[in-house]
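Please go over the structures that come below.
Next come two complexes built around subunit A: one with subunit B, the other with subunit C.
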Partner chain A sequence: MKQDIREILAKLGGLPVSVDTISDSADLYTAGLSSFASVQLMLGLEDKFDIEIPDHLLNRRSFASIDAIAETVSAVRAGQEAA
Partner chain B sequence: MDMQISLLDRLFDSGLLIDTGVEGVYARSGTFEDVITAFEGLIDRFAGNTGAEVIRFPPGMNRAHFEGSGYMKNFPQLAGTVHSFCGCELDHQNLIKCMAEGSDWTEGQKASDIVLTPAACYPLYPIVARRGPLASGGALFNIQSYCFRHEPSNDPARMQLFRMREFVRLGRPEDVMAFRGEWMEKGKELMGSLEMPVEVDVANDPFFGRAGRLLKNNQRDQNLKFELLIPINSVANPTACMSFNYHQDHFGSTWGLKTADGETAHTACVGFGLERIALALFHHHGLDPKLWPASVRKALGH
Partner chain C sequence: MNVISGISGFDLVQRARKVAAVAGKFADDVDRHGRFPAEAVAAMKAEGLLGIQVPVELGGIGASIAEVAETCSLISQECASSSMILAMHHIKLSSLIAHGRGDAWHEGFMRRVADEQLLLASATTEAGIGGNLRNSICSIEVDGDTCRLTKEASVISYGAHADAILITSRANKDAAPSDQVMTVFLNGQYTLEKTHDWDTLGMRGTCSEGFLFKGEAPSRQIIPQPFAEIAAESMLAVCHLLWSGVWYGIAVNAVSRAQAFVRGAARANPGSVPPGALRVAEVAAKLHLVKASITASIQDYERVKADPAHAISIAFLVDMNSLKVTSSEMVIEIVDQAMIVCGIAGYKNGTPFSLGRHLRDAHSSRVMISNDRILANSANMLLVHKLDTSLLG
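On to the complex of A and B.
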């Protein structure tokens, strides 16, 4: 999943550095992820993983790192399966 | 809801506001305008001799600047564009016919180069950018504009056409943050001199849609916007009468604003909702300013 996330991040994150240089736990906002790019990222993740991220997860923490994004996607998938 | 209608009705009955038949678009009486003029004088006395450059904007702005600002990314639901008839005589005849029939006559209206100004500081940034890098120490502006937001409401504190007075600070991050912090204190003091109950709270702008939910949460998480709230229609939901905004480098990078050192400028603004503040005064002290407490009248220079 993290490889998919990296591909989406490279395409939509608008980061000034290559995604390859960013570790899974690195803070993406520090790396240059803007608010507007985080919106693009959110929509790209929803499209790729066929999920709808609920309102309570639409915050900075959910997209703060590749690890955090993976957790967010997993949590949404688990929630959707349970529903 | 009933309270809102009754406040609006009281304002109409007293003649302070005059109904135009469109929610949120009202004419103002001389008394209402006198309060706004007096309040603007009070702002200037509180601000002191800052050397801020004074600019007053008309209610419309350059459409290209509006487009460049990114407003439509965030608030498409609030924007108002100016469209005009640009057709030939035959088109004109068709327009008259449609109007007479009561059918849609606006189809042939074309977007003009003007957009209604959504916030007083939007027309400022491209003007400042055109002048080149900021002087050392940055810049401070004292601006005012009529603003438009498409949000019809019978709450008199949510007008569609209203005036916003602002101070806008451009410069290094630490300077613009210090400016905003000072005004959060000054704002409370200023409203306190008018004997109005205030609270300051973290806030967010009305970003559109689900993507907007993320932007709202981001804005709150980063403490980018605070509002000074005064009860007007409701104690439970007091009305934002001032706002204190830190834009980080959003406008700086959008418009290529540079500090004297060549860094991207950061910006912050403090805004006064002039009609809302007048309404708060009328609500708290009564509809006749001659009967307001002596201390309030004195603060306003009466």
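On to the complex of A and C.
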């Protein structure tokens, strides 16, 4: 899943550096993720993983690193399967 | 007025009214000459209003945003420029309180704000960037224990009169434009070379001139949290809440003047309802909407703040943006309609019903971070955020 996340990040994150130089735990906002791009990233994730991110996860923390995004996506998937 | 009665031994309303009386006395002169409202700010300091938000442990009275907003609204009814200065000071202070706790230098500084009634100014706007405060061109240079910053700050309200300036920049020379920090520079640690005048339609007393800022200070004065967090978690919401409090003060005073005008006409002509009365009813309904929207947003803010585990959600940010856009549009409309009620007495300066200054001051609201910019920001967030369809939330 992290590879998919990296691809989406490279496409929509608008980062000034290559995604390959960013570790899974690195802070994406420090790496230059803007609030505009973070929303585009959320849309990309919803499309790729066929999920709808619920409101309580639509916050900065959920998308602060590749690890955090993976956790968010897993949590949403688990929630959708349970529903 | 029950929101404010909670602070024992400090009658905030009475103190705010005292300051409002001073501000009102000089409001026309401040407006005419575009000068700093020195008398009103001196009165704020004398009444201790610059420190009310500081936590009790650090020498303040721990006033809530609701209480600060009410204070701003009371003063704004007499002089919007003075009130906006108080609001902008408290916006900066709220960032320090939310993000500077636990840090020795910043706690000491908050204590000084309360003890010495220091006036804080803000420099987010930068030449070449405008109101997009989440981006900086300039960067701070950290050299061991010292930091240095040069910024083309095209708007710093009361910059020349402040005791400290809180200023944003990129975190270092290699940082991305959105990787920012905010630093406190004390008067004496910076020079300001004036680059832009402040000869405006309204809010003439905020003296929001442009400067080339050059500062050098100990690096511990940089607020440890990234500015991205400060903006998202406290500053944007507090900005929109306190600005709205100021604008509400302008609107409510305009409606009071229109009402007084109509009442005078009714008394002069007993047995008939003056033509302006209907319009007063109409404008009172709009005022009610603004008030409801501000008080609901304040409650939302307090609720989110009271729950430390609750991360600021997109829903909350969209709501705060909506408050800013709505209250700024409505205040202009309200003052405009109040002026129709008062007729020539409202249009003229120097009558008890004059509304020229109100109208000009109100017009600052839409450009103070352009509504289009704010709507564009909400438009982006609304692509992912699904509106809450319940009535009571």
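Observations
The rule is simple: the second predicted complex is superposed on the first by the 83 of 83 C-alpha atoms of A that agree within 3 Å, B and C clash if a C-alpha of one lies under 4 Å from a C-alpha of the other, contacts with A are read in each partner's own complex, and residues count from 1 in each chain.
The criterion applied here is as follows: a contact is a pair of C-beta atoms (placed from the backbone, for glycine too) under 8 Å apart; a residue touches a chain by one contact, two chains touch by 3 or more.
Remember, predicted model here, so these are calculated numbers, not experimental data.
Superposition model on subunit A: subunit B and subunit C are shown in a clashing arrangement. Within the superposed three-chain arrangement, the count of touched residues of subunit A is higher for C, of the candidates subunit B and subunit C.
By the touch criterion defined above, A:58 lies against subunit B and subunit C together after alignment on the C-alpha atoms of chain A. Of the two partner chains placed by superposition, A:4 touches none, neither subunit B nor subunit C. Applying the stated contact rule after C-alpha superposition, one finds that A:43 touches each of subunit B and subunit C.
Legend: residue contacts after superposition of the two complexes on their common chain; A:71 is shown touching neither subunit B nor subunit C. Residues common to the contacts of subunit A with subunit B and with subunit C across the two structures: 35-36, 39, 42-43, 55, 58-61. Only residues 35-36, 38-39, 42-43, 55, 58-61 of subunit A touch subunit B when the two sit together in their complex. Subunit C meets subunit A in the complex at residues 134-135, 171, 175-179, 226, 228-229, 232, 311-315, 377, 380-381, 383-386, 388.
Touching subunit A in their complex are the following residues of subunit B: 70, 73, 210-211, 213-215, 217-219, 221-222.
The touching residues of subunit A, counted against subunit C in their complex, run 15-16, 29-36, 39-40, 42-43, 46, 53, 55-56, 58-62.
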